[in-house]
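As structure tokens, here come the structures.
There are two complexes below, and they share subunit A, which is joined by subunit B in the first and by subunit C in the second.
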Partner chain A sequence: MRQRWVVGALVLAAAVALAVGPADAASKLIRLTFYYPVGVAGPLAKVIGEMTDKFNKENPGIEVVPVYSGDYDPTLQKVQTAVMAGNPPDIFIVEISELPTLLAMNAVIPLDDYVKKAEGGKYWDDFFPPFRENSVVKGKIWWIPFQRSTPVFYWNKELFKKAGLDPERPPQTWAELKETAKKLTVREGNEVKQWGVTVSGGWNDWLFEAFVRQNGGWLINPEGTKANFDSKEAVEALDYWVDLMHKEKVGPPHSTWGSTPPDFVAQRTAMLYHSTGILTFLRTSAKFDFGVAFMPKNKTFGAEVGGGNLAISRKIPKERQDAAWKFIEWMTSSGNAAQWSLASGYVATRKSAYEVPAMKEFLAKDARYLVARDQLQYAAGKMMAPNFQKIREILKKQLDDAVDGKVNPKEAMATVQKQVEAVIKR
Partner chain B sequence: MTVGERFRIWSRRWRLDHLTTHLTLGFFALVTVTPYLWLLSTSLKLRTEVFTPTPKWIPWPINFGNYAEVFDRAPFGIFLVNTVLVVSGILAAQLLTITLAAYVFARRKFRGVDLLFLLFLIQMMIPIHATFLPNFLTLRNLDLLNTRVAMMLPFFASGYGTFLLRQAFKQIPRDLEDAAVIDGCSGLRFLWHVLIPLAKPTLVAFGLISLVSHWNDYLWPLIVTDTPDVRTLTIGLGMFVQQESGADWTLLMAATAFVTAPLLVIFLVFQRKFIESFMFSGLKGSR
Partner chain C sequence: MNSMNSSLLSDSTAVAAPPRLSATGQAVAVTWRSRFRGGGVYLYLLPSLAFLALFTYYPMGFSAYLSLFRWNVLNPERIFVGLENYLSLWREPLFWLVLRNNLFYALGTIPTTMALALFLAVLVNKNLGRVRSVYRVALFYPTMVPMVAAAMLWVWIFNPGIGLFNYYTSFLGVPRVEWLYDRHWALPAIIIMSIWKNFGYFMLIYLAALQGVPADLYEAASIEGAGAWRRFWGITFPLLTPASLFVFVVAIISSFQVFDQVFVMTQGGPADQTNVLTFYIYQNAFRFWDIGMGATLTTIFICLLLVLILVVFRYVGRRVYYEAD
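This part shows the complex of A and B:
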């Protein structure tokens, strides 16, 4: 009898343990979905996987599941579809100009309360100011800088030598650039064998904004409410492009973002405007020595930033948002910001990341990676507005037509102004 | 013998008329195959050998490492299995739905048949992106997100396939059906024993088109799946194309070679049937 009682008690205990145990563990574990795009070459999907694994091990109650979601555009589409279907990812990265789009969808939460408490209140000020700019709208911080880039200027030292130029001295000003580009352009009859300078197409709207900055102007105010495309500064900047690509013909009027780094490697162009994100590609692909410099100035040096930020969804429970913040804070710590920069070639987003030993050691070997950081003192946030995709298309069309000589710069920018105003007001 | 006659005999001996045909065909074949050869060549190159001032066709030193690296970056083996399952699942369901629908539209007379067919045609004209959100919601309600079925379900019916097959069925002479009916073979048996065998080239053609287009699907699988264990080849391929920095060309080409190879093999196996189907569509009722 007694034995039977013991067995019965054991069975009951086992049943209770089975019923309660796993359920209890499941309620404690918060599983977060994290959509991320891959913007630059390299085994970045693997790097993200390794980083989230490490986070999950250090934080037993949370499991972050990284979901690769394509380039920036497909990622935005995936996020939008999921948000509209009421099934949003907890954390996601999209391109920084999409913030107004996300706000219009009411997709993200402000992070001010988290940011204030992080790292004893010193967290936010440690990010480079231009990287912070695209986070703040209506006085609130909406997302945290993560994979960030900025355009820089590359030059082929070997081709400089061949043309009798000082290979250690890249052009400093627009005027110098034009003269240098003339000397570096090689023609056989009517055919160009080697371009002097390539201002990469595809994201030429992004590069154009940098030229306007160098000329002391701006295109859209940070609030995304006012367009300034027909300003004197913008028209002059486009005038300069037309000079390079149409009148002097020292640069190709048309190219794609993906084709110009290979052109530079194949020595079909001697100088190149492109993202700092291609530096590792160039370093591992080029057989010649090349340098990285600030983009030449006109009135001032100038650049703007690009890339993607980390955001937290609005329509998820508070405890998930708290866990999501824990992950974002971890991903953007000095040490991890440095590690991510080393693995990806993106600019590290925080000043203190450059004090991390591994980073210092790496930069001691190749100082070219420091140029993008140093140029940040002249950089500003990237223009953003609702329906930014549309604004990009409008601007790109007029830029392309102008460097083709189809329309003069003044008219082109007037057209952009009119069309963009219509988009913004809607 | 005049020079002209001598030339004619000479050219007949060397089949010169065939020679020009073959030269022309060879030329176009070369044009078609060049990108693929370049892809193979690039996939075996070192990164520093890809963009040389003069293009190099023969990769030297040969670098098989790209293929190893591609497999190291993403589970392409699993992706391949998933792709095959998804693509063949879609095709199997489509073959069933389009033959039945095409049979009804081609052979059955009832009120509203033309209107219904028109609706089917309209379905072909709706851009696929417009259906993403409703389809996503349906799948979420069925709790099917992040499964292989999610990638297949929206494509089980095909307006294009129904249209193609209906036209093929219509071209089969009525006399055949009358004869079959007299012999006591009607309805589905007629479909199975007469119509389908006669429309085989069309079915093969549609099958190849369906196979290729779903093999290359990118956005829909990307949106409805989250984890690598259910994802398909194109998503793996996407990892090598980057918006901010351009592409990792050697790896992208190695991955592309791997992704397209199965399709090429399938096409080579079925090419005769595929070409026949286009011949067939030009010979009205001769079969």
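This part shows the complex of A and C:
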């Protein structure tokens, strides 16, 4: 008995010495590189810096070095280059549709073993189901939802009043949206002074997928093996865009992701499709009252998720992977998910995050932040497939051509189907 | 790839080293000493030649070699496919659209920039008193702004709703244009921005060349009763031809180098209407990680530039007036 007690005390002492002893800590220090993008407006790099600092203080044996890597595209390029050069960052965030490409490059490890043990096994089920979807391929969990969003619908209540519309009632359906947009479009001669509705460019491929969802369709199957761009649902969705932007001319056919929120603030457009991630920007910049709503439905309400996930590199030693997981688990704890959501405007990824007091307090003041979360019940995973960058370019080219009236929606989607199939089969 | 690309680009500029403004060194009797001196010259050139070989010629050759393979992120094993990459580009409508855009950009920027640069150089070369240097600095200013910063600025200048460009043109009664968001106006917008950005550099070269035009020629012409117009076409213009050749070659090269503006302002859109060769290479090589295709495009790019410059030197270079000839 006594002997065991002594051994136990020694082990404990050793453990304490290991944990707090400065000499040991210094020699055992694991320094992890963490590449991350900032995908929405705002000083989020600062927030990430504060969070990693806090983690480093709480975990003396580990030092996470955050490396801001630009927008989503440059971050992906940096990660891919580093992986190919055999010197990958230990932890990184890239856009969720890139998972099949990362798997093809053998860049990441499955996290199932970590996930099962985390928070007494209750960790994974606490994430909202649509956010989990882009993590699972071939029955394994490859990365953890972090900065996540969905597109939502914004409307300018003041301009609604001016046009004699009920400012508290946003359009509910595609048909209503078209009629409302007509009433809100202000022209002088041939010039449009105020657009009815802006479907933001830049990530318009993402918004298009939402419209296809609202029409009861899908574009690529979750396995990333089958394309469905020439389906009736997709063609109709594009047809609706052509209606808005080309035939009725109530929305601009082209724009950029960064330019449309300022356009909305400057009242150049009365309604806007954009990420929930701009809500804080709009709230702090707009000098008028505006609302946030579900995107109007056609056959159903529909959306798909977006954003970036946290992954661990494959070609690093096991102890580094373990340390990296510690960081990821910490970053995605309920409390930190809530804090990140409050600081960024992203949707908190976990149900329990909405029970955190600071979060509750904030949401009690502004319920608009709840719209994106509530819309999740109609949301699905984002399409993904190997070489998604190329698929995006293919889709965007045809969307652009169609809304300019250069090609009819059916032909456009047939072209996308043919070209995407060629990419998937390669 | 990246280092190859950038070194290629910067090296092309070096190809267009300033032409001799005056012919020097008549034929010297070939002696043992001069031969030795000639050898010494090669010795001195060796370090830079080694550098070029490592970072320019080798990557150029290697990319030509890679262009014969299918090699991309999803097929990490290189497969020899011969000229398949070239053939698939030949059948790719986007490739031809990109070439068309490059041509359009070159035609839109080169003549305008050169004419503007020459015109302004002659103007600020006149004795305007103290304001002259103010003008010179003011005109040269856009050139000193980094391209990416300038491009970000112009994104807002071209903004259809709140941009300066439409604001100013609205006073002239010109209808509002959606500029970067309009498939017909996006490339012209980039051309306008590039002219603004680049003319100052060419103006400076012209200004330097103008210093070398002997004043007595103008005096003589004035005595003969030649007006300003006649003096320009009779004296200034012909004596500036070496500078013009240099400017022309640099302008051609820089017109093919256009990238930053496209990257920042349009990302090639809308509907690839502003996609140009360098951006297309970037997309293929670093977005799609299609290294084989990127190498093919790079090789085409190099050949195209070489041919263009040879043509310029052969046909335009002959007409250049060198003082001592």
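Keep this in mind: the second predicted complex is superposed on the first by the 399 of 426 C-alpha atoms of A that agree within 3 Å, B and C clash if a C-alpha of one lies under 4 Å from a C-alpha of the other, contacts with A are read in each partner's own complex, and residues count from 1 in each chain.
In this section, contacts are C-beta pairs under 8 Å (C-beta built on N, C-alpha and C of every residue); 3 or more make two chains touch, one makes a residue touch a chain.
Worth saying up front: this structure is predicted, and the values here are computed from it rather than measured.
> Going by the contact rule set out at the top, does A:K406 touch subunit B (first), subunit C (second), both, or neither?
The second partner, subunit C, only.
> Applying the document's definition of touch, where does A:P129 land relative to subunit B and subunit C: first, second, both, or neither?
neither
> By residue count, which of the two partners contacts subunit A more extensively, subunit B or subunit C?
Between subunit B and subunit C, the winner on subunit A residue contacts is B.
> Looking at A:A45, would you say it contacts subunit B, subunit C, both, or neither? Reply first, second, both or neither.
A:A45: touches subunit B, not subunit C.
> Go through the superposed model and pick first if A:G61 touches only subunit B, second if only subunit C, both, or neither.
In the superposed model, A:G61 contacts neither subunit B nor subunit C.
> Which partner does A:A85 reach: the first (subunit B), the second (subunit C), both, or neither?
It touches subunit B, and subunit C stays clear.
> A:M105 contacts which: subunit B (first), subunit C (second), both, neither?
Only subunit C is touched by A:M105; subunit B is not.
> Which partner chains sit in contact with A:P262 here, subunit B, subunit C, both or neither? Use first/second/both/neither.
both
> I'd like to know which partner A:Q77 touches here: subunit B for first, subunit C for second, both or neither.
Both partners, subunit B and subunit C.
> Name the contact category of A:G121: first (subunit B only), second (subunit C only), both, or neither.
neither
> Could you pull out which residues of subunit A sit against subunit B in one structure and against subunit C in the other?
Shared contact residues on subunit A: 73, 77, 259, 262-263, 266, 268.
> Give every residue of subunit C touching subunit A within the complex, in rising order.
Per the stated touch rule, the residues are 72-76, 94, 155, 159-162, 175-176, 178, 180-183, 269-272, 283, 286-290.
> Contact residues on subunit A for subunit C in the complex?
Residues in contact with subunit C: 73, 77, 80, 101, 104-105, 190-191, 201, 252-256, 259, 262-263, 266, 268, 386-387, 389-390, 393, 396-397, 400-401, 404, 406, 426.
> Please output the residues of subunit B touching subunit A within their complex, sorted ascending.
That would be residues 47-48, 50-53, 72-74, 132-133, 136-137, 140, 145, 218-219, 222-223, 226-227, 235, 238-249 of subunit B.
> Sort out for me which residues of subunit A touch subunit B in the complex.
The contact residues of subunit A facing subunit B are 33, 37-43, 45-46, 65, 67-74, 77-78, 81-82, 84-87, 149, 257-263, 265-268, 275, 277-278, 281, 284-287, 306-307, 345.
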